[in-house]
Amino acid sequence: MKAAAFGESNYPRNMWWVAALSSEVTEGALVSRQVVGRSVVLRRTSTGEVAALEDRCPHRGAPLSLGDVIDDNISCRYHGLQFAPDGRCVHVPTQDHVPARSEVRAYPVREIGPLVWIWTGDPDRADEHAPPEFDWAGNADWLHVSGAMPLQANYMSLKENVLDLTHFGFVHANTFRIRGWVKPPDVSVIDDVVRFEVTYDNVPLPHIDATMSGLGRRRVSSTTWGRSLSPAIHEAGMDARLVEPAPDERTDYHFRILHITTPASPRMTNYWWFVGTDYGHDIDGVHDWLRASITDGFIEDKVVLEAIQAAADADPEYARGPEVSVTADRAGLHARRQLQRLLDREHGPDEPVVASDIGSASTNEERKA
Amino acid sequence: MKAAAFGESNYPRNMWWVAALSSEVTEGALVSRQVVGRSVVLRRTSTGEVAALEDRCPHRGAPLSLGDVIDDNISCRYHGLQFAPDGRCVHVPTQDHVPARSEVRAYPVREIGPLVWIWTGDPDRADEHAPPEFDWAGNADWLHVSGAMPLQANYMSLKENVLDLTHFGFVHANTFRIRGWVKPPDVSVIDDVVRFEVTYDNVPLPHIDATMSGLGRRRVSSTTWGRSLSPAIHEAGMDARLVEPAPDERTDYHFRILHITTPASPRMTNYWWFVGTDYGHDIDGVHDWLRASITDGFIEDKVVLEAIQAAADADPEYARGPEVSVTADRAGLHARRQLQRLLDREHGPDEPVVASDIGSASTNEERKA
Amino acid sequence: MKAAAFGESNYPRNMWWVAALSSEVTEGALVSRQVVGRSVVLRRTSTGEVAALEDRCPHRGAPLSLGDVIDDNISCRYHGLQFAPDGRCVHVPTQDHVPARSEVRAYPVREIGPLVWIWTGDPDRADEHAPPEFDWAGNADWLHVSGAMPLQANYMSLKENVLDLTHFGFVHANTFRIRGWVKPPDVSVIDDVVRFEVTYDNVPLPHIDATMSGLGRRRVSSTTWGRSLSPAIHEAGMDARLVEPAPDERTDYHFRILHITTPASPRMTNYWWFVGTDYGHDIDGVHDWLRASITDGFIEDKVVLEAIQAAADADPEYARGPEVSVTADRAGLHARRQLQRLLDREHGPDEPVVASDIGSASTNEERKA
């Protein structure tokens, strides 16, 4: 939260970002998306693979996503030039040959489980990295639900939101009905991953889990944790164990969620969430109910984050105002540093992008740590 | 009119501005408002007083007006930090102590009669000034009606509008039905107050007063006057005396109005009006009728003033175009000078803010005065 | 296409532009319009002539188009100043004399056939030029239909669109149902006029003409041509001759269309079309049907052109992206050069406005020519 987060580009390019949920890219459809400032058209080709091209015809600039698919090529809506999945122009209806330099940029793509990842940075470096994988996300024994919620705010505001769950009792008091989460968690940073964890002994199951597990408000020992794996993705979970199980009763329940944050622009974020649980399969209509329950809560975050962004955009003094940090911000502040390290690596240490504010904000936090 | 009025900040800070009508600030409610470029949250505390804080949590920037009131403190919607009416942070849910420098700015407030005044300038100088008072506005024997009409235009355009009532016959021909007001008034400037006055002998009562007084279009000697007390507020009135009263018939009727103009930004104005009359109490439904009648007319001003602002915003040449003044503009031109003096005092004479155009515009007017 | 077309002013002033269709300017009405960046108010005076004034009162800046017509003068809505058709201020209600320099700018106007032309450049040079005339447009034996379609895109994008009809099979496949127009036309440039022409022998009549002529899909030899007479206007036509007429059967059918492109601003275009045919009079409801049919098709162009503009406006890299030209672009590229010559004449050759991109784009095209 500071100038950089409010209006400037604060996203590294040389990393994998999510371009779409797999379920969004169906064969024959052309999906237009802003990904870290690039216009991209995604589609599933006849081989079942996802291809990503720059969404701009090099002829007269029409978005390719307005076009049609013909013979596994995208046919531009305007003059019918055709582009193969690899970006080559393969047909110009008005002449026999294809002009030089008429290819569009094709972006490396990886589809892993429910996510389609894209690389918009230096193409030669894509293979140096790999997107993360999540066993539970592809585990057919688990229940899965997902949602997309475009956010008119910088993506880091959502990152920091999910790194500090003490907001639940205030933002989500009437939806998730969790009020007591005010204990600052343990925070660790290993390599570039920021992790927090907090355990509550002998507390009632949260509302959603109480309903889905059929256990009602029975008491559990509950460990809530999250880890920001990169600016692109955050994995979180709750591991609950019944405090007083009946004989032979199942004791352990697991909830997982991915928070996927791909900047469209400095002020607009493609935000998706993807949930998995190892319970609840037998509840009638559970998918719809869970999707609606989570959406109700996340809209509350959206309202707050967009209000902050809008106020800062409308008034530079608001954006530049003081920022006081508390102990519960430790994980979020580490995520800012994680981001800064990535930006420094990309731009060189002499060109800091969001560094200045982090030092001062963390002073406050460090003092308490 | 001119660059400053169209797009730049042309409002002094070291003066009292109206933040709200008293009736808008009810206990328990949090009223968010832009006041001379500041985001302010207003509320009525348990003691009945109005408190005004900066509408921005110093923790992560959420507008405090999204929050709740708990124990006479504002509780931030995002992480539950609590702020007392004086701006001190008194509670952080996740820790025992309150961080240093976590207070929000509290603005001096004065509630006088129907108006809540705020001081956003140098706090040490608030007591050097006092907001104006209006006996009639608090006189329970008078009939009172008010309205709020946000205006997408610089506040000075409304100031100049009410300082020259010769626009009535053109803007309000079909609502107020006053067509003959084309006589330029007498204008005087005493200290910083610009005053105009014009008397029409033996004219029919204007439509609204004819209806409310029950006199119909009987003829009166009518004095219409206005005084710009500061950039914040303009008081106007009509004093009418029956030309041929019946024996023992009441002869004098008084209409008063406040035009309250608080800039939200250079292009947006919080505009309120507050009317009082010493007649009309016995008319059925008079409050609603009078409110609707005045609103109908003032919407006509809004249309014209917003059209001027929009045209100027869309086209710099339009904004920079010539401005010809006539005799009827004298009061308005004095108000520009009054404003310029205030801005000079605040910024120093070496930093004129809207001066340049006033000299040339007034040349034309002075020549005729 | 390219920076200049996307966001900068790329319209010459010293030429005739269309301000309105004649049918839009009816007596008593005040028509407000943005014409090459100027706010203009058009009206038909009591003599039947069209007058065009700057749409801005020199007194306090109100748009004159908000006013009324009184005694063949425009009366300003705000304070009733009156302006004659030649722009002179002739009445100030509040005083006996009219201030100096209170005239508004009057623009030269020519009404020819269905079009009202305006000159916003150097007034002394208006008579050096003359707007084009079109016999068929005023020929009462022809059927005429017109439409207005404001376009949120630079006007040159529409110019280039109608100079390359090979887009019909892709943009209009489902409306005009013409799919085979992929033959690049012959292109010629004579003086400043860019002309293209292409003939298809023994093809079925296009859908619209098939219906209107009552000939169905009978086969014709069809010559389709267009000529960009200036940045303001493009005339196009189709001349069709029946391949196997019956004895004494009519053999020749003519379709004409004007594409009229007046920039309101660099990103907004007043676009009108005006059609004439020498057949179809006897079809019931033909005017409405033809207007609707053409509108359906042109909305498809609007969608594509506005998508290109929006993408370029949202992303400077999109706007600056590569542009590859093909043989079919020859006429459009010549039109860019035609425009550049006009801009050079106006600004001097040392101040090129859109030149840089034309050379490189045309290299590709020249190579094939």
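As written, the chain order gives the labels A, B and C, with residue 1 at the start of each chain.
Basically, a contact is a pair of C-beta atoms (placed from the backbone, for glycine too) under 8 Å apart; a residue touches a chain by one contact, two chains touch by 3 or more.
If you're wondering where the values come from, they're calculated on a predicted model, not measured in any experiment.
When chain B is laid over chain C using CA atoms, the rotation angle comes to 120 degrees (nearest 5).
Because chain A and chain C carry the same sequence, their contact can be compared by residue number, and under half of the numbers here are used by both.
Centre to centre, using the average C-alpha position, chain A and chain C are separated by 47 Å. For chain A, no residue reaches two or more other chains under the stated contact definition. Per the touch definition, chain B reaches chain A in the complex via residues 37, 39, 55-56, 58-63, 66, 75-80, 92-95, 99-102. Those residues of chain A that touch chain B in the complex are listed here as 1, 160, 164, 166-167, 169-171, 182-184, 303-304, 307-308, 311-312, 315, 317-318, 321-329, 364, 368.
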